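Here's the structure, in C-alpha cells; my notes come after.
Letters A, B, C and D name the chains as they come in the text, with residue numbers starting at 1 for each one.
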Amino acid sequence: MKLFEYMGKEIFAHNGIKVPPGKVAAGPDEVYAIAAELGEVVLKSQVLSGGRGKAGGIKFADSPDEARKLAAELFGTDLKGFKTEALLVEKKIRIDKELYLSITLDGSARKPVLIASASGGMDIEEVPEESIVKKHIDPEVGVMPHFCREVVRRLGLAGNVAKEGADLLTKLYQVFKKYDCELVEINPLVISGEELIAADSKVNIDDEARFRYPAGTPIVEERTALEKKAHEIGVSYVELDGNIAVMANGAGITMATLDIIEHFGGKPRNFMDAGGGADSEATAQAIEILISTEPKVILVNIFGGITRCDEVARAFVRVRESAGIPVPVVIRLSGTNEDEGIAILRGIGIESYSDVREAAAKAVEIAAVS
Amino acid sequence: MKLFEYMGKEIFAHNGIKVPPGKVAAGPDEVYAIAAELGEVVLKSQVLSGGRGKAGGIKFADSPDEARKLAAELFGTDLKGFKTEALLVEKKIRIDKELYLSITLDGSARKPVLIASASGGMDIEEVPEESIVKKHIDPEVGVMPHFCREVVRRLGLAGNVAKEGADLLTKLYQVFKKYDCELVEINPLVISGEELIAADSKVNIDDEARFRYPAGTPIVEERTALEKKAHEIGVSYVELDGNIAVMANGAGITMATLDIIEHFGGKPRNFMDAGGGADSEATAQAIEILISTEPKVILVNIFGGITRCDEVARAFVRVRESAGIPVPVVIRLSGTNEDEGIAILRGIGIESYSDVREAAAKAVEIAAVS
Amino acid sequence: MAIIIDESTRVLVQGITGNQGRFHTRQMLEYGSNITGGVSPGKGGQEVGGVPVYNTVAEAMAAGGVDAAVLFIPAPAVKDAAFENMENGVKTIVIITEHVPVHDAMDIMAYAADKGITVVGPNTFGLISPGKCKIGIMPNQIYKPGTIGIVARSGTLSYEIANSLSAAGMGQSTVIGLGGDRIVGLSFVDVLERFEADAETEAVVLVGEIGGNAEEVASDYISKMTKPVVAFLAGKSAPPGKRMGHAGAIIERGMGTYDGKVAALSGSGAHVARLPWEVPELLKKAL
Amino acid sequence: MAIIIDESTRVLVQGITGNQGRFHTRQMLEYGSNITGGVSPGKGGQEVGGVPVYNTVAEAMAAGGVDAAVLFIPAPAVKDAAFENMENGVKTIVIITEHVPVHDAMDIMAYAADKGITVVGPNTFGLISPGKCKIGIMPNQIYKPGTIGIVARSGTLSYEIANSLSAAGMGQSTVIGLGGDRIVGLSFVDVLERFEADAETEAVVLVGEIGGNAEEVASDYISKMTKPVVAFLAGKSAPPGKRMGHAGAIIERGMGTYDGKVAALSGSGAHVARLPWEVPELLKKAL
C-alpha cells in the first residue's frame, strides 16, 4: 500500500524525523489560510505517481494570494492520470544540498537494504553506481551506531549534520520495521543549515501486515471498485484494457493465459486468478465479475488439481440459471474430474477444450469478429 | 545488584506482572495503617538474604493490631546478619498452587535460561531434576508464543491460568532484557483462582549496565563503606575477617595470594585487586585503605607486567611520608623494573622478596606473633 | 537420490487439525509420504488419518524425530510456527501459507540462514520427489518418477508443465516451488546447484515469471552448469506497476521485465520456451 | 602452527587513539605483531606508531584486510564495536574491555556463534603465540616459544605461571585468556580442542578459578584428551556469595566451589597443582 506524501511525513514527524512545517489542504481557500500562516510556501499535489515535479505538480508561492491562485490551477490538473484531490502546503526551506536516502527490500538477499546517495533530488536509477552507498541490514542486528557512522562518512556529512544523519538512519529503520514497510524513501533529504530535513516521503506498507499496523496508520485504497470486489471474494484480480475476459486457477497459469492470448493477437480484459480449490459458489461470483466488465468473450483456463473441473462447470450452470451469461464462453478443462466437467458444460451448450492452444485461439477469433 | 523484594515487585507491577496488593512500611504504625486498609495481611521483612521465611522473617496477621504487634517484633529482629529496616505489608491471597519461575544467565551456553517448576515455594535446588522445565532462550529470537506454549504445557497449566502463564513469560523476559537483569525469579508464583500472582520477587540487575538503567530503576548499595571507597578509586575490594591485609595486581593472582596465606596458616583481612598499570598515587590511596582496616601486617604481591614495580615502591614511599605506615609490610616484587623497586623500598627500610612463597610465609609469621 | 526430500523424510504437519491441514495430510498419506505427526496446540492426543497429533513441535520431536515440517497455518501465526520448528531442530520447513508479511519472512530467512535450515516458500505449492515423498498441495496424479528437475515460482503453471512432461514420457526427479512472494527461502540458484549435484537429475526446467531479479541471478549460474536448462517465463503481456497475483510478480522501476529475463537466460545458454507447450520439445532436443 | 593467531595474522586495533590503544599498539608492534591498522571515528588519516588510522572497520577492511581485531573501547560502546567488526567480516575479535554488560556479551556471542566468529574475552588479557603474534596487554618479556599451551580465566596469574614455565625452560605454543566475566566467547573446551589438534602443542596448563562451571565442563573433555593437562585453580579460600574481582568468580547457591572443580579435574585425569609453584614440576612429570 502506497501512502501519500503527507501521510508518510506525518509518520516521519511522529517518529522524530524532521519534515518542513506544513499542512494538507482540500481546496484553494484552505491553501490561502495555511500560506498566510507559513509565509513563502511550496504547494505539492498529493498523487501517487512518480515524476510529479516534472509533470507540474509542484509550485512555489511568495504570498497567500499567489498560493490560492496556483492551488486553483493544481486542483484542476490531471497528473499522469491522477487527479489532485489534496495539496500539501509547506513552508519553503533553505536548501544547501540534496541527498537521497531509502530503505527497501532486497528479495535476492532476503534482507532490507539501505540505499543512499549524496546526489539527491533525482531518480536513484539515474545516479551513477559508484556514487551510491548500498548496505544490507541484517534483520537480526538492525541498524547500529557503527552502521550509521559508515553511511554518514560515505555520504561526506560532517559536524551536526553527520550527527543528525546517524540519528535519522536509526529512526528511519525504526519506521521501516514498526510500520511493516516495503519502502521508505526520502528524496530529496535536504541539508538546511545545520539540519537534515525530509523534503519528500515515499512510504509503501506491506498490505499483508494490516492486522498489526500501529494505531493511526493511514489506509489508502489503491484497488479499483472491481478489484476490491474481487478481493472480497478471495480472488486475485487486475483490470486491463482488452476485450477478452480471463479466468484461470493460479497466478502463473493466469499470466501465461494472458501471454497466449496476446500470442494469438488478442487483448485480455483482465487478470483473474480464481485460486485453487474454490467451490462453485465462489467461482460463480467470480464469473459475474467478468460478465460485469462487458467483454466480447470469456476465456477460462483450468488445469484441475485441487480445483475440480466439475465444480467449475457447475459454477457456469449456476450463473446461467440465475443472472444469465450474455457473452460467449470458451473453456479449457484439464485434470481432476475433467470428463464430468465437460459433460456438464455440454448440457448448457458450452463446448470445452482440453488444449489451451485451441481454446485461446478460439476466444481470440470470437473477439475479433464480434 | 540485588533488589529488595518490594522493588522487584514494583518493577513487575509496572510491566504488567500481577503482584498482591501491598505497600512498604518503615515502622509499626505505618504497618497498622496499611493493614487497616488491606484486611488480612502478610508482613515480609525486606532483607537481601535467602531463607527468610524459615528464619522467621514472614508473619501473618488477621487484624491491624496484630500486624502492628508482629511488626514491632520484626523490626527488631536480625535475620542472618541483616537487620529489617522495611516491611512489605501485603494482602493475604488465596493460594491454590505454588509454582517456580525464573530467567537467569547460563554462562556455559552464553544465553539466558528459563527455569520453571510445578513445585514452587521451595529452593529450586531441592526440586528433582525431572520435574524442572529448563529451556534456553536465544537472545536473537527472544520468547515467542510457541516457547510459552511449550513451557505452560509442561507446567500442566490449563484454561485462563495457561493464558496468563504464556503472557507472564513474555513479560518476565521483557523485564529481564529491559532492566539488564542477571536474574528474575518468582518463587512462589501462585495460582490464585483463575489468576497467576507473583507472591515473591528476586531481581538481580547487572551493575555494569547502570549507564542505561530505565528511569526510576532503584539502586541498592551492597558494598560496605570501605568497598565503596575502593570502588571509587578503581580498585576491586572485598572485606574478609582475617588479619593479613592483601594487595595484588589481578583478580586471579589476588585470589591465589589469599589461598597461599591460608596454606601457610594465616587469615586474610581482604581481597584487593589493585589492577594493572595503576600509578603511584592511586596505589598509595589503596594502601591507605588497607591501613585503615588495622591489620597485623600488609602483604603485597606484585607480578609486574604493565604494573611497574618501581611505581608500587614509590607509592609506599609516598604513604610513609604523608600518613605513615603503622604496620609491618611484606612485599613480593617480580617483573618490570623489579630491581629499581627493591632498591627504593630498601631506602625506607622495607625488605622485598622475589618469591611469593617466602613473602607469604613471612607475613603469616608476623601476624601469628604480633 | 532426488533433492531435499525422499522416502526416508519424516514429515510433520503443523496446523493438521484445520481444514487445509486435514485435507492435504490425507492427500500426502495417499501419495505415500511418511507423515509421522501433526501439531495443533490443545489437540494433542487426537489423530488425523491415523497420524498422531501433538500439542507442540517439541513433543513431536521427542516422540520420534522430524526431518521436515509443512505449515498450514494462518499468515499472522506463520512466523511463530516457523520458529517453533527451527528452534526445535527441524531442518526443512515448507511454508504453504500465502499473505505472510515480508518482515516476518525476512526474520525467518535470517535465522534459517544462520542455522543451515532449508525453507521452501512462503506461498509455495511445496515440493515432490515423485514416487518417494510429496510435501505440499499439488495434485498427486500428474507426476512420474524420472530424471527431469523442475523449479518454479508458480504452482499451477508448473503442474501443467509437469503433466505435459509426464505425458511425453519424461518423469521428474524432484519438482519444487520456490513460492510467489518477494521474500522466499530458496533461490533458483540454490535449487539449480542441488540439481546439478544430483546424480539422478539429467536436465532442469525453470519456470519463472516477471518481477524481481531471480531469473537474472540464476542466469549467471546456468552458464556454469553442465546439465541443460529449459526455461519458461510467464508475464510477457503484464503491464508495469501491477502485481499479477503473486506479491513478487510486478515490474517496478523498469526492473523485472520479461524481455530482460529472456535476454539473461538466453545469454546463459538456457533454452527459452516462448509458449508453455514448447517445453517438452525443447527438453527432448536438449537431452 | 600455534592456535588462532600466528605470524600471518593481520591485526586491527579498535580505539587506537585512546591512551590504552596507543600504549598497547606500541607494545604489540614492539613484540612483532602484524598490526595493519587502527580504527577511531573521525581520526582517519592519522597514524599511531606508524600504523594507519581509519574511521571505520569497513575502511580498514577495504584498505588491506583484517584477520583479527582487538578492542580498546569503553564498555558501553563495546557491543557496537564488536558488531562493527563482525558485520564487516573480521573472524577473530579480542575484547580487552572490562565491565561489559552481560546482555551485550550475550548478544555478541549469539551473533558470533551463528557466523563462526571467534571471540576472546571480554575482560581478557588477550592471547599470544610467542615469537609470532601477540594480541593483548600481557607483558612482552615473559613468554618463550615452545610446546606448552596455556588457557586461563585470569591474567596476572597466567603471567606468573608462563614466567615460571619460561624460567624452567618450557616455552609456550599459545597462551590465551578466556576472560574473567560470566559470559565470554571461548570456553576451556573450545581452546582444549584446538590445543589437542595443534601439532605444536605437547601439553596444556589450565588456569581456572572459582565460580561458574567452566572447569567442570572442561573435565569431561579432558578425560578424552591424549595430551597431558596440568590445572591450577585460584579461590580456594574465597567465601561464598562474594565476587572476587572477576564478575564470574563467585560461589552462588553452592555452585562453582573450589572443591567441586578439583574433584572434577582430578577425576578427568588432569594433574591439579594445589599451589602455583607446583605447576612446572607437575608438567615436567607429565611430559
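One rule holds in what follows: a contact is a pair of C-beta atoms (placed from the backbone, for glycine too) under 8 Å apart; a residue touches a chain by one contact, two chains touch by 3 or more.
What you are looking at is a predicted structure, and each value in this text was computed from that prediction instead of being measured.
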Chains in contact with chain B and with chain C: which ones? D
By C-beta contact count, A-D versus B-D, the higher one is B-D
Let me check something: if the centre of a chain is the mean of its CA atoms, which chain is farthest from chain C? B
Could you grab the centroid distance between chain A and chain C? Build each centroid from C-alpha atoms only and quote it in angstrom. 27
Length of the line joining the C-alpha centres of chain C and chain D, rounded to whole Å: 46
Distance between chain A and chain D based on Cα centroids, please, to the nearest Å. 54
Residues of chain D engaged with two or more neighbouring chains: 111, 114
Multi-chain contacts only, two chains or more: what residues does chain A have there? 138, 140
Can the chain contact pattern be summarised as a line, a ring, a star, a complete graph, or none of these (other)? other
What are all the touching pairs of chains? A-C, A-D, B-C, B-D, C-D
Residues of chain C touching chain D in their complex? 114-115
Quick check on the complex: what are the chain A residues that touch chain C? 105, 107-108, 110-112, 125, 138-140, 177, 180, 182, 206, 208-209, 211-212, 236, 238, 240, 248-256, 258-263, 268, 271, 273, 276, 303-306, 334-336, 356-357
Residue positions on chain D within touch of chain B in the complex are 75-76, 99-107, 109-111, 113-114, 137-139, 141-142, 152-160, 163, 180, 182-185, 187, 207, 209-210, 212-214, 217, 232, 234-239, 242-249, 253-254, 274-277
Quick one: in the complex, what on chain D touches chain A? 41, 55-59, 77, 79-81, 83-84, 87, 111, 114
Of all residues in chain B, which touch chain C in the complex? 138, 140-141, 144-147, 149-150, 153
